[in-house]
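Each structure below appears as structure tokens.
Heads up, the next two complexes both have chain A, just with different partners, chain B and then chain C.
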Partner chain A sequence: MLRKRLLGAVVVRQGWAVQSFGYRRWLPLGKPQCLVENLDRWGADGIVVLSTDRGDHGPDLELIERLGALGLSTPLTYGGGLSTEEHARAAVRAGAERLVLDAVLSHNPVAVGAMASAVGVQALVAALPMVQSATGEVLHLQHRTGAQSELATSIRKLIAAEQVSEVLVIDAAGEGEGQGFNPALLEAVEAQTSLPLLAFGGLARAEQIRPLLSRPQLAGVMVGNALNYCEHAIGHLKAGLTDQPLRPHRQSSSV
Partner chain B sequence: MSSGRLTVGIVDYGVGNHTSVLRCVRQLGFRARISPQPDQLDQADVLLLPGVGAFPTAMERLHATGLVGYLQRAAQLGRPLIGICLGMQLLAESSTELGFTPGLGLIPGAVEAIGEPRWHIGWNSLEVADGQPLLHASDGEVMYFNHSYAFRGPEAFVAARSRVREGSEPLVAAIQRGSVWGLQFHPEKSQVPGLRLLEHLIRAEGER
Partner chain C sequence: MSTAPVQFCKRCLYTTNHPLGLVLDAEGICSGCRVHEEKDRLDWTERWQQLEQLVKPYRSRDSRNYDCIVPVSGAGDSFFIVHLVKERLGLKPLLVTYNRYYNTPLGIRNLAQLRRRFDCDILIQSVNPLSVKKIIRTTLRELGSFHWPVLAGQSVLPVQTAVSHQVPLIIWGAHQGVEQVGMFSHLHKVEMTRRYRKDHDLMGYEADDLLSVFDSLTEADIWQYRYPDEAALEQVGVRGIYLGNFVRWDPWAQHQQMVKQAGFASARMNRTFDIFDHVDDWHYMDMHDWIKNQKHGYGRVVDQACREIRHGRISREDAAAQAKFYQALLPKHQTLLLEWLGLEESGFNFLIRQFVCHASEIKVAPNTIEAALPRHLFASEPGITLDTNTADRPVTIGKGYPDWFIPSIT
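This part shows the complex of A and B:
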């Protein structure tokens, strides 16, 4: 039976791993490769590296190559600056197994189809940063402009056409705060698609993760900041979730 | 062929990233080289065919690099060959991904869309078929999968399966014909269980 995943997130700005707080404030943590090596060693179900300041500069291929050269035995997903078919090919060539798409979903949806043909739909994840307004409405947040709006028709169409294989729902307001993930955001996206979902933002403790994992459509959760506070953080989190359909914890040491 | 330590030849046909496979094979204690050149690959005890992306592009690249005939001859000669993920699918007779494309035809069967659900992404346990002593130790182990097309073919060539849900139709997770093996999962990304399986397979086939 397919297990749900506990993924480790590493947020990168200007080449440095950072603790991110709502994508508004950042505290430096160190070299991304050190955090990624830890997550690999600790037995994360996957490692997601998000370069959040790439804009129109394309993916950080040097970073992906550095991470690829570590010889990780854990699947590596990369997001940041991916906007063309060639970006997708280059990121995969550099060592990413899967790609997180964000701005391109609304700015150039045609490119997403070309990316799917180039690297396979199973490699593509759509990132949707969402917020809930004071009136309870769930809105899509455009990181670059700060604009909040209903999910654009182009994105709805991409998702309906299954040009991506999973949707990463980001609790943009709660990200980095450790206060839990707002389930209203998942409900809103679940109403739009039957694609498997991943949840990221505000998750720090097992009791915050457990109710999300019980949702049939949720394929996994991503945890960022909370993994940086102790050694073997993945094992500690999984120890509190043994009643959930996660892969049993196993450290990824040498054979 | 080498004496002593086994050498693994990673077939480079310009699709995807082979560095992680190279690092993994070396970490397991084998010699390894990545090459598109038949004379280089001839030095290997075991050939490894990785792959990510779409089937037609991969076959196009294998034709463009002249490796289709090389791999078919290697299989006919009984040289050990292990395909990983898309590399496994290329061993089949054909695929319908993005239209019909003939494959290497090394193992009878075809690659078709998974169906419902459309994806098999994440960690799943292996159900090793009877009569597969090389995979026996990995029965029940959890491996990393990432695919939306799957092999369908005669039972005789199915070495392991996985199920997305309990009670659901199984998906083919590994195939074998003689010394030609296909692994739909990524052993190099499946941490200890995957590395153990890959080491065992390379050693057993390379020392045969």
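This part shows the complex of A and C:
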């Protein structure tokens, strides 16, 4: 079995890489290509670029092409504005190896099947931002409207039919805060699918990641803001998780 | 980078066009102003204790070795940083300084005073000026910047020294991204990264990115600006921390303290009300600042005015008047720079015109604004200006100018 992955997330808003806090507050970081190049040099197991303000404007193909031109040795995943089969084709043509689907899962689940046919199920990841209510109920958060509800039947069917290859579970409330990932969110999604899961949101330190990696269905964790606070952050996290079934730290490339 | 319309912060003078990136919140207040608010909320005594714990493992047991590397210059925050490192943390620093070649006599004097006053060893790097000039020709053409070698040199020399001397801890002053645009909260305790250096300090161009088959610049010219190998950094465990995460950073107050306490000397400069920043450099607040204004639509005085607004020492309206006045002033030392570079004025201006941002056009004549300028910021105005006739030429770092060389300091 392949070992689990430590992925680096780059959140993009208005063309800038930003720190995101619960998708409500942002701090500027810099040029997305500089962050992506850095994660590649650090030996991340994958890089996920999330353009959070694309809405109905389609994927940011110019950005994907700019990142593709860096000649990365790390797989590049892109999310943002993907809602049609043509979007999926164009994003892969521009340089993305995998695609993260979010709003389209709710608004047009039929399109997901067409996208899977166009670029392959293996290239698709379903993003599910989740929150836990005060009563303990785990709900799906619609970013665009802010609505919280049970996971829609259409999404359940879609992941049950394995029209995507992995599910990215996002701790929407804890995203960016570095206070750890709520495991109840994973439990709720595990009950819906046997697809491999990825966890994102609130993860900053090795001790927060360790308990998640022991879950058999978890294929990887994704870290965002915290990777920007010190040099060699990927290496530091992996050094603290050598007892876990995580892919070994790739020696960083030199100059 | 962004195609979104430019927005203005309601509290300071920055816009969303800031080259470091700037985010406005729902109330129209920028990320820089919001992060600045932390300065009045955080427990700085507790944070200082955190710093003391952080540096503890780096104290050398060998008295022949250094505890840390501290980058310094003949201006800016250097005096206050060394004061904190040497006198409050009790560390033994190795000071490092990159010779930028635009040294003012006052800067040389300050550097010598810094070394003597705090009794520190100092390592000075002077890169072959022929290579520096070749690089500048390339960066003027590609980036509209003659300051790239300074930015690259002063940001890489401490890291190279940390590796070569096996002294892993580098201590910087404040993080520019935190202070100006609130890139990080103080709580994030952000540390030095190669990514930030390339992204922001070097405008996206590391040394090797300057090499091109269409240029005469070669590896022999740029190698001194290369970041150390990743494996070497990991092996030594190089780590650069910022004092601004642990001390309530207030440059104006700190500079005044260092004038009184440590003999730091300041001067009036051409394009700013600030009498402390960059007094060691003929061009930073002159040609460099004028070019920044042309490229980004604002000068360094806006950075300083925003800082003073946030510290509550000036109103937004007064700050805007100051900025408008100083940004309209023309540089005084263009000939000095062009003679050193061996460039014709027409050629230089042609290169800069390729980078002009139209937002920089100022339509009000300077003398119509001057009368309305608030003067209280000049209360501690020193008696000298940088174009004092003592030596209006770049000078090379050596033994340092004695105080009698600059009459107003004695």
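Keep in mind that, in the parts below, the second predicted complex is superposed on the first by the 251 of 255 C-alpha atoms of A that agree within 3 Å, B and C clash if a C-alpha of one lies under 4 Å from a C-alpha of the other, contacts with A are read in each partner's own complex, and residues count from 1 in each chain.
Note that in this section contacts are C-beta pairs under 8 Å (C-beta built on N, C-alpha and C of every residue); 3 or more make two chains touch, one makes a residue touch a chain.
A quick note: this is a predicted structure, and the numbers were derived from the prediction, not measured.
Of the two partner chains, chain C is the only one that A:Asn228 touches; chain B does not reach it. Residue contacts after overlaying the shared chain place A:Gly15 against chain C, while chain B stays out of touching range.
Of the two partners, chain B and chain C, it is B that touches more residues of chain A.
In the superposed model, A:Ala152 makes contact with neither chain B nor chain C. In the superposition on chain A, A:Leu2 makes contact with chain B only, while chain C stays out of contact range. Residue contacts after overlaying the shared chain place A:Glu166 against chain B, while chain C stays out of touching range. Contacts of A:Lys31 after superposition on the shared chain: chain C is touched, whereas chain B is not.
By the touch criterion defined above, A:Ala69 lies against chain B but remains apart from chain C after alignment on the C-alpha atoms of chain A. After overlaying the two complexes on the shared chain, residue contacts for A:Gly220 are found with chain B alone; chain C is out of touch. Annotation: chain A residues 251-255 touch chain B in one complex and chain C in the other. Chain C makes touch with chain A in their complex at residues 1-4, 20-23, 25, 31, 35, 177, 181-185, 188-196, 198-200, 204, 208, 226-227, 229-231, 233-234, 238-240. For chain A in complex with chain B, the touching residues are 1-5, 43, 45, 68-75, 92-98, 117-123, 162, 165-166, 196, 219-220, 247-248, 250-255.
For chain A in complex with chain C, the residues that touch the partner chain are 13-16, 18-19, 25-31, 33-35, 37-38, 41, 225, 228-232, 235, 251-255. Residues of chain B that touch chain A in their complex: 16-17, 19-20, 23-24, 26-28, 52-54, 57, 86, 98, 117-125, 142, 144-148, 162-166, 186, 188-196, 199.
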